[in-house]
Amino acid sequence: MTSIIIISILPIVLLYLGLYKAQKALLPVAVLGLLAALVTSVLQWTILDEAQPIYNGMLLYNNFSVAFSVISIISTILILLLSKGYFEKISNHIAEYYAIILFSLAGIIVMVSYHNLTMMFIGIEIMSVSLYILAGIRKNDFASNEAALKYFLMGAFSTGFLLFGIALIYGATGTFDIDGIRDWLLNSPRKIDPLFYTGVMLIIVGLCFKVGAAPFHFWTPDVYEGAPSLITLFMSTVVKVAGFAAFLRLFSACFLPIAQFWTPVLLVITIITLFVGNITALYQQSFKRMMAFSSISHAGYLMFAIVAIGAASANAIFMYATAYSIASIIAFGGLILVRQQTGTDGFEGFNGLANKNPFLALVLTVAMLSLAGIPLTAGFIGKFYMFSGALSQYRIWLVIVAVVNAIISIFYYFRVIVAMYFRNADREQVEVPAYYKFVLGFSALATILVGVYPTVISGLIK
Amino acid sequence: MELIDLLIKIALIVVIFAISLVVAMYSTYAERKIAAFFQDRVGPNRAGPWGILQPLADGGKMFLKEEIIPTNATGFLFIVGPSLAILTACIGSAVIPWGQNLEIGGRVIPLQVTDINVGILYIFGVVSLGVYGIMIGGWASNNKYSLLGAIRAASQNISYEISMGLSIIALLMVTGTLSLGEIAKQQHGFWADGYFSWNVFKQPLGFLLFIVCAFAETNRSPFDLPECETELVGGYHTEYSSMKLGFYLFAEYINMFISSAVMATLYFGGYNFPFMDLIHSPNLVAILGVVALFAKIFLFIFFFMWVRWTIPRFRYDQLMDLGWKTLIPLAIANIVLTGIFMTIFK
Amino acid sequence: MTVSILLFLPVVAAVLTLFFKNEVAKHAALFFALVELGLAISFVTGFVPNASIQYLVDLPWIPQFGIYFSAGIDGISMVMVLLTTVLVPLIILSTYEHQYKNGKALYALILFMQAGLLTVFTALDGFLFYVGWEAALIPIYFICALWGGENRIRVNIKFFIYTFAGSLFMLVAIIYLYLQTPSKLYDIHSFYELSLSLKQQNWIFWGFFIAFAIKMPIFPFHTWQPDTYTEAPTAGTMMLSGIMLKMGIYGVIRWLIPNAPNAFAYWGYYALILSVIGIVYGSVIAFRQKDGKRLVAYSSIAHVGLIAAGIFAWSVQGVQGAMIQMISHGINVVGMFFIWDIISRRLGTRDISLMGGIAKVAPKFSIAFLIIVLGTVALPLTNGFVGEFLLLKGVYNYTIVFAAVAGLTIIFGAVYMLRMYKNVMQGELNELTATFTDIKGSERLVLGIICALIIIIGVYPQPLLHLSEASVTNLIQTVSAKFTATKF
Amino acid sequence: MEAQSLPVNYLPIIFQMLVAMGFVVTTMFVTHKIGPKRQTKDKLTPFESGIEVVGNARTPASIKYFLVAILFVLFDVEVIFMYPWAVNFRDMGKTGMIEMFIFMATLLAGFIYVIKKKALDWD
Amino acid sequence: MESLTSTIQAVPLNHYIFLSAIIFSIGVMGVLLRRNAIVIFMSVELMLNSVNLLLTAFSVYRGDAAGQVFVFFIMALAAAEVAVGLAIIVMIYRNTNSIDINVLNRLKW
């Protein structure tokens, strides 16, 4: 629990550091603080997963929360390391950058450990409001402005749905407590009223907006493209992961007894999400936009765990999210470097990269393979868990749809590999700063390690 | 509610309404007289003896003046502005306890329009609405001075509203209720159980903050930036004429009256006066209470005017600095001190 | 000694190779490949040729999912391991004359691929099998795409998509099987013990079949193959044709038929028809090819079709024939591609019509070429004969018509192979071919080994057949016992 | 527990509003009717101290005003959080006080940041 | 009419729900149909306030304070959104002199 407090105080400290012109100290302090939060979070882990709700049942910091906190914090640390020297070019309010990212992270930690709909709402909103600002942080860039406005309007809109859903559920059950709602469902299955069902539907709509699942995805590509790359990275990894963690927590702990009601809905959403994301990604000429659309399709895969909800769902989402996050970090890290040199987000910017920067090309290849779900990378393990989960519920057609989509995704992920290795271009060597080397190397190693021996992290959540 | 009660209520409302208007009208007269006194001149002395009919003459003139709506102005909002200003000024008086209950023929008549349990919030709500009148009017005029005045007014009002709200919080900690009737009751008499019972003695700093904010909220000098004639001609009401201008001027004085009443109620015991327990007739106490309250109100109004003709106007940056950088920290400190004090000396 | 050493050595070797300089890397790679071969031979010598699984390794991998790192060698696997470990050094040696840009990466990829292949051939765990399957795919993709010809990008993405698509369906089938097992294990034996309904088996059959059919490839899943073979660098082509397509065949024997016996009994006939169509189709198209490498590629389709037909006939002769023919085909096709590599390296073209009379200037080369061609057309006393004889016998026992068609095609194959030889080696020298120089050094070594193997296996195939016989017999008996539906 | 207010307690407020509204409307109407109407073009132009009107009045104002508005919204809502606390201060005792002080410290941290950031400096 | 609760309960719960739903729908329509960013924003606020109304109604009906506490949080959130949203809209207005969201088509949908 200490980790939430640390992560909440840390940005304030950073803001004040920024005030007193201690720009050099920002990154070290942020990273050290996050490491402290990481440690305190890990210490909360218990073998038997026997955590009890705290703060009057507001939060439940169990192993699920620990696992997702850890991956969120680690991803954030990596992203912050990538930010070395990046923000200075965009804006002169660097401290605010770090602070807002960390505020958002604080919201995320709440999102993965809530035990009451109030806290879920608060967590989501702390995260979202911070992101609205982050998306528009490049004040004079039109695309960034537009991204911020779209994200803001859509986010606020979806919040409305989410809240209305929560209100209806409260009306039906008279409580915001997750266990309370579940108990109500279990104790009075006969008189479940339409209020409750409508509430669940609206919550699905709201959450699907937040995680960018089709048909509520239309803001995603614009926002992802318009926002600065690092922020896009943050949004498409940590935020998405947290969104799904919150999603799963709600549906597995709370709405499980009426699973037969909402699974068909989510099933349709999943299938649409997969196809929309993949097919649109196929036509993109910009790497960043491709990543944006592919993140929609990844949202589709992540939905698998919720559609096929069961004991293994948490682990499946965790594995998939981990794989997806670290691979995305590599991809965006590479994109930032390439963009600095070539000034373009397009695939052609990667042409011939392998000749001059074998290391960069190699880690990017690992990332792309992982995203495409090729064995011996973490991405495959993630997909494997998802498929296993779905098949265990006999959703064979869903899996076949997913397989078709996995095949489609090969086309666009391999475009990067093809560009790097098989196309030639006159280019200079891209300079890879030491921070980037560390982050990219670490992520690539983690990808392979998890891919080869997933047991290292798959035991976190039982 | 029985019909008779209803009628009594309506009568009370009308009476209070009329009193506010009259007080406001004669405040203008008082202001001019006081200004004259401070500046060592005579002041209005033509209409009636000592110029006592001057406000009526002014009012009549306002009625008969030509009504101008500039072509560039947004017509509808141009009318809404002053109407809203006076409307909000007039409804604030609904929750103020004017006196203890009267008993006439076995019937209890409360001298308060209504005692709702969120009285203070109601006052705040109404006060916040007041700024809309100025803002809308200034914007609708489509005049640069008006717009500037309106923005200044809005900016100033919202800035001081925060400190006002914060200064009230300390008071609420002491009183434990939001009902004005209740608060007035708590300050019974003047001296009780070895303490002064009026809140001003418990919350001196809070009162100081509150009165400063009250000055700012009513746009009174030294905070009359929205209409400061040396910079902005007439501020937000530059384009107004006739009774619409009258409404704006009137609203200011009614606001002054209401805020004086609020201050008297919150901090100076409202209708309570020293040694009231010595009088045994409840009705007499009630009537004397009303008199006491009005005495306090008039003192405050006088204070308002005194300040106006004594202290020079702030610069805008000074105004904002005072509001944000002095009053808010002080108000928070006041809350903290009150909290600690109350916890220690339970 | 367990099989794990066999699987991990190439991985380590691949990583180590990357640390050498480009010129030294090939020697290092060859050294590692030979060590691997030595290991394999020591495995063979210690191998007891019965149906049991030996050199077993069984370690927990992802235990909560019932996934174990479990691998072992029985007779069938032993043959495949031998094939792989023999061919890889040959292939590495065959690249000695090439100056590949960034060669160490090529050798690392080859070694890595060897690890994947060996994993496939020894895996006893469904998950491990799949991982090995894909692990073999990635390196070959890079080999083909990095060092390939003009159209490599388009062709390779096609190749990759095809095979990846197939393998994903296989993954689904494997997971499905896993979910049916009572103890939730990916172990192949628990798969074997399942008795699923025909409907379930149908799913599994098609899941596996598509993957294997694409890999082999069986008509009509073959369209990626000729292009890829043509565009790939010779080493890649050799890996693909010599070893990799055997993954598909091995998969059919080990994973497809035993896991879905009833579905196989139902669909096997059609699979056989497809195989025979493949034989005819491959031969006909090969007949018309001008490009030597493409010709070999299509002839490979025909040969693999025959192997597949032998397996789908599902008799001891058929499968044993397939086993021996896999080795023979591997050796022959590697030799054949090497021949064409030599030709195209010397002459800069692979167009058969432009050639002639090479035998006059390069006698040693012509002898080697002749032996390999004879092996390919299955002349008695060459390695091809043993396999094809057994295969045809197996198919003949199944249906005579198909055996007849297949047999005719073999004759046909002899025609186009010999015609190719005639066109290239005999006749008049022209300007182009006059410059041809005879083989030397490493080329001579490679071709020599290949020719020796062709003849040795042709003359004395018994040890090889003996290796796998017990396992094959056992497998066929167990599976056939499960057939409930009638054959056609 | 203090007495609850009933909806009926709010009725007089509506009466008062009606009275005030009646007053406003009547006055407006009457002045409109009885006032003279001699409008000229000059009277109807915006007043700019006698010189020709330049441009439109509705131009963007200084960003500072927006900043103040935004800060107001935030602080005002935080103040609203304190009201229930203040009213129930006596019942909540020391815990309640410490909790609210943490809240206020956070608020203050933001407030000091805003001041240090010179968001409220008018120059 | 003994207490506020019973007064509110005198109106059937469904009426509150319908009212909230209608206000909510108006908000949704506003977001979907209007083109002006401020108006859209206000529609969103309308949606939030309909939720507040609903929560309060439920809360009173059930005699459970949690609903009203939630309303507080929604208000705080709305304030935060106003702050951020206005900042964004001002920023856009300064760059484009317009707050019509149709101007924002640099990024294709």
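Labels for the chains are A, B, C, D and E, by order of writing; each one numbers its residues from 1.
By our rule, a contact is a pair of C-beta atoms (placed from the backbone, for glycine too) under 8 Å apart; a residue touches a chain by one contact, two chains touch by 3 or more.
These numbers were taken from a predicted model, which means no experiment stands behind them.
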item	value
Touching chain A and also chain D, the following chains	E
By number of C-beta contact pairs, the top two chains	B-D
Chain separated most widely from chain B, comparing mean CA positions	C
Central chain (by mean CA position)	A
From chain E, the most remote chain by mean C-alpha position	C
Chain B and chain C, separation of their C-alpha mean positions in angstrom	96
Centre distance in Å when chain D and chain E are each reduced to the mean of their C-alpha atoms	20
Distance from the mean Cα position of chain D to that of chain C, given in whole angstrom	82
Mean-CA-position distance for chain E and chain A (Å)	27
In chain E, residues with contacts to at least two other chains	80, 87
Shared interface positions of chain D, touching two or more other chains	4-5, 8, 69, 76, 80
Touching pairs among all chains present in the structure	A-C, A-D, A-E, B-D, D-E
Footprint of chain D on chain A - complex, ascending	12, 15-16, 19
Residues on chain D engaged by chain A in the complex (per definition of touch)	106, 109, 113, 116-117
Chain D-touching residues of chain B, taken from the complex the two chains share	1, 9-10, 13-14, 17, 62-73, 79, 83, 86-87, 90-91, 93-95, 113-118, 121-122, 139, 141-148, 151, 154-155, 158-159, 161-162, 165-166, 169-170, 172-173, 176-179, 182, 233, 238-239, 242-244, 247, 316-317, 320-321, 324-325, 328-329, 332, 335-336, 339-340, 342-343
Residue ranges of chain C touching chain A (in the complex, touch as defined)	60-65, 127, 130-131, 133-135, 138, 142, 145-146, 152-153, 157, 160-161, 164-165, 168-169, 171-172, 175-176, 178-179, 203
Chain D - residues contacting chain B, complex	2-5, 8-13, 15-17, 19-21, 23-25, 27-28, 30-32, 34-39, 43-49, 56-58, 61, 65, 68-69, 72, 75-76, 79-80, 82-83, 86-90, 93-94, 97, 100-101, 104, 107-108, 111, 115, 120-123
